[in-house]
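Both complexes shown next keep chain A, but they swap its partner, so chain B is in the first and chain C is in the second.
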Partner chain A sequence: MSASLEKGVNVLKEMIDAPIASFFNSCVHCGICAEACLFYTETGDPKYTPIHKLKPLRKVYEQEYTLVGRAAKALGLSKPLTDAELDEWQELVYNSCTMCGRCSLVCPVGNDLAYMIRKLREGMAVAGHAPEGVIGATKRTVEIGSPMGVRLPAVQAQMRHVQEDVGIEIPLDQEGAEYMLLLSSMEIINFPEYLGAVARIMQQAGKSWTLCSTAFEATNSGIQIGVSDLAKVIVSRIVEGAERLNVKTVISPECGHAYMALRWEGPNLIGRPYNFDVKHILEVLEEFRVQGLLKTEGFETERVTFHDPCQIVRRGGVIEPQRNLLKMVAKDFVEMSDPGKYNWCCGGGGGVSANENAEQLRLTAFKRKKAQLDEVQVDTLVTACANCRIVMEEGLEHYQMNIPVVGLTETIAKHLAKPTGGTPQSD
Partner chain B sequence: MAIKDDTEFQTALSGLTPQQQRQLAARFVDSVINLCPDPRVKAAVNVARQGDVSDAELAMARQNAKSASVESYTQCGKEADWKSQAGHFVALAALACVASNEHADTLAWDAAMNARMACTCETIAEGKGTRNREAETQYRMLDEFLES
Partner chain C sequence: MNEMQFLTWVRGPGLDIALGIFVLGVIWRLLEIYTLGRKKDLSVPRHTSGASGWHTIVRRSWAPPGMFKRSPVSYVGGYVFHVGLAIVVFLFAPHIALIDSLIGLSWPGVPSQVIDAVAVVTMAAMVIVLVDRINNPVKRFLSGFEDYFTWTLTFLPLLTGYLAVKHLLLPYTTMLALHILSVELLLIVLPFSKLFHAFTTFGSRWYNGRMSGQRGVSV
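Moving on, here comes the complex of A and B:
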């Protein structure tokens, strides 16, 4: 056994906690998780059944923690985990799982398969069986502080550009601001309009906010690759920044897993509760709407639908705010089939879009979203995750579907009531 | 009259017809076209520059510019290549140039902003201090356009 494999197996042993043991014991092999996974439904290949993807973890569990498994191992009836097995499973654990959690939602005995995949990735990464693309992102996070290599001067350049575009100063390191805004690398690089939209909304709401020079990045590749120590470092940077600036609320950007990592995993990773709130931008906008601080005018004239990012809606429980907000500015809003917590993933979450080896499979899996969109025949697709946005744009381009994809925050900002005119309208 | 800032710039742009906006937008993109090697982008700008183009020609140019912009996104988790990203924003600027007539009211402004973003990306890539003078260049172009 190689040194890295031994370390990986040891990590897997450590990862097997009481929930995982009970999940393996309670699985009734019903196969419902397969029907919930778009990698299975769109390929028909049984190897993409979620519970099957966990086979290496199950093997370690049985050999180490069950009487029959230990006896079988001692008698040579059951072979130890090998590098070849982990190599084979890399595709199943990283390429064909976005950790969207749909399988966990439908499991009749309540097994959290996404949680188990997350734990399996911990061991896979240590054993050296994580995809190159995700490893690269992780290295950049360690060395630069950003998985996409974004440094502060680049953020400041984008801030200047946005200031020119919207005519509002973008605050940096303002102590005592109510809100600290985080950005995903994707927004800094591809979607600077998000920052401009937030600036305009905050100005209208009369709220103080700031970016943080030491913690502008929300993306947590430690969660994606499955390295808790790194995930903790990334969360700690944000916590230190928020505490230094003494903000009341940290706003997670239009990014799915960044929200899940910071809000739900973060306090466990650092071992204490935060002394500030963490909210997704959609939750903040919804608060503004309810408080009458979000005034819009006019409506989108076209037919629109909303793609729910899995980590926000299913793993995060944010379901109604995006609908309430969209109805403020769109008269012809239509739901796709399986809306809200049952929504189908774009196919690129959980590090899949950063994984070049997964590209073909991701486009195949996109057929599910294509079918959903074909049913509703919309003119515009709105979402609230920069990664979903690009993955869907690529999918739509691949299948030659001419549907623009836009962010919800920008859509709201586009309809903000002008200070000196227009008829304000809230809901 | 010399345009001095973005407020004057926007005001002047809003007085232009869609066709004038399209032609001016093409000039904005021309100024940064060297940052994008994709021939589809250049072709879209050429369509925008023509005085009278059919809806079908516009739609075809728009489809090609859209494809170029989607293909040039930096994907989640990939290392940012700011030089390539400059090309992405040039493609977006070209896409603005050939927007349909219903979206023509902010066409030149959108092209201008994306052209500036392309320059910003270039300066980040070159580590030149992340400031660029493209806004002033665009003010001059608009002045010349209004005088012509």
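Moving on, here comes the complex of A and C:
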């Protein structure tokens, strides 16, 4: 057994807990999880059945934690995990799973399969079986500060552009601000409209906010590749930044995994609760709406629908705010089939979009979203995750569908009520 | 060993051995699984009504929206055979009498004609889910020896019980003895196979509901 494989197996042994043991013992091979997985429904290939993707983890569980499995291993009836097996499973664990958690929602015996994939990735990554693309993204996040290699000067350049565009100063490192805004690389590089939208919304709401020079990136590739040590480094950067600036709330950007990583895994990664709140931008906007601090005017004339990003909705718990917000500015808002927590993934979450080997499969899986969109016939697709957005833009282009994809925050900002005199613009 | 001695053995020592392995096996397996424990979740919970482990234990008994259509045989077959099995096992008067003699608890049964009908329907449902396991590409792909073996072990008590009651195929004494023996095999294998889901399903649903409930999502 190679040294890296041994380390990987040891990591898997550490990962196995009572829920995982209970889940494996409950599976009756009914195959219903396959029916919830877009990689199976769109390919019809049974190897993409979620529970099958977990076979290496199951093997380690049985051989190490069950009497029968230990006996079988000792008698040579079951063979230990090999590098060849993990190599074969890389496609199943990384390319054909976005950890969207839809399978976890339907399993009749209650297995949380996404929870188990997350743990299996820990061992796969340590054993050296993570895909190159995701390794690169993680390395850049840890070494440079962002998965796309964005450094502070790039952020500052964007801040200047936005300042010129919207005429509002973008605060940086402002101690004691109420909110600290995080961005995702995608927003810095591809969707600068997000920053401008937040600036205008904050100004209207009269809230103090800031970016942080040491923690501007929210994306957590460590979670996607499945290395908690690296995920912890990335989260710690944000925690240190927020505590240094003494902010009340950190705003997670329009990015699914960033939110899940920071809001739900983060405290467990650093081993303590935060002394600030973490909210998704949708939650902040919803609070402003409820408090009457978010005033809009006019409506989108087009027919719109909303794509629920898995990690914000099903795995994040932000389900209603986006609907309330969208209804403020869109009269013809129509739900896709399976909305809210039952949404179908864009196909590119969980590191899949950073994984070149997965591209063809991802485009095939996008047929699910295509079918949902064909049903509702909308003019515009709104979402709240920059990664979903870019993945869906690619998918729509591939299938020659002419539907623009926009972020919810910028859609709201587009309809912000004009200041009714007297309120001076900040300089 | 003649048929009477066979029946005496399966009713006496055989049953004791099987029950002993079953009870100790269940306790062992539950400890083996649940003493592994889990880490405390340090994130600040989001409270949403209906989002808890207990809710999921109940809620997951129904097909989530859209799923029934995608896998109708699994759902219909699954309901019919689980409910049928429960009726036959726990509401047949001779079974209640046996449980009474073992642990001193009893309850009213249902007429044997009803049990007969339920047994036939249950067996039919089991045959349908077996055919589905062989025909459905996903199920066939996932299935191995254990899946077919445990199906057989679950089916045999139903079949032998029905044949014994109906005095079919073999003399009653022999068939009854075979029936009891098949139940004993089932009891012995249950804790060490996928049949153990009869116990762990509740724990699994609870964990899933609890972990999602932390995030305010009712699942």
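The criterion applied here is as follows: the second predicted complex is superposed on the first by the 419 of 427 C-alpha atoms of A that agree within 3 Å, B and C clash if a C-alpha of one lies under 4 Å from a C-alpha of the other, contacts with A are read in each partner's own complex, and residues count from 1 in each chain.
Just so we're on the same page, a contact is a pair of C-beta atoms (placed from the backbone, for glycine too) under 8 Å apart; a residue touches a chain by one contact, two chains touch by 3 or more.
Quantities reported herein were computed from a predicted structural model and do not represent experimental measurements.
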Superposition on chain A - do chain B and chain C clash or fit: fit
Which superposed partner A:322 touches (first chain B, second chain C, both, neither): neither
Contacts of A:29 with chain B and chain C, given as first, second, both or neither: second
Which of chain B and chain C A:268 touches, first, second, both or neither: second
Touch count on chain A, higher of chain B and chain C: C
Contacts of A:115 with chain B and chain C, given as first, second, both or neither: second
First (chain B), second (chain C), both or neither touched by A:67: second
Once both complexes are placed on the shared chain, angle at chain A toward chain B and chain C, C-alpha, multiple of 10 degrees: 150
Chain B versus chain C as contact partner of A:158, first or second or both or neither: first
Contacts of A:96 with chain B and chain C, given as first, second, both or neither: neither
Overlay on chain A, chain C to chain B nearest C-alpha distance, Å: 25
Contact set on chain A toward chain B in their complex: 133-134, 136-137, 140, 147-150, 153-154, 156-158, 160-161, 164-165, 167, 184-186, 189-190, 192, 219, 221, 224, 348, 351, 353-355, 386-387, 390-391, 393-394, 397, 402
Interfacial residue positions of chain B with respect to chain A in the complex: 6-7, 63, 66-67, 70-71, 73-80, 82, 85, 88, 113, 116-117, 120, 123-124, 130-131, 135
Contact footprint of chain C on chain A as seen in their complex: 16-23, 25-32, 34-36, 40, 44, 46-47, 49, 51-52, 65-68, 104-112, 115, 263-268, 271-273, 277, 313-317, 319, 337-338, 341-342
Of all residues in chain C, those that touch chain A in their complex: 28-29, 32-39, 41-44, 46, 48, 56-57, 60-61, 64-67, 70-71, 74, 78, 133, 136-143, 147, 192, 194, 196-197, 200-201, 203-209, 211-212, 214-219
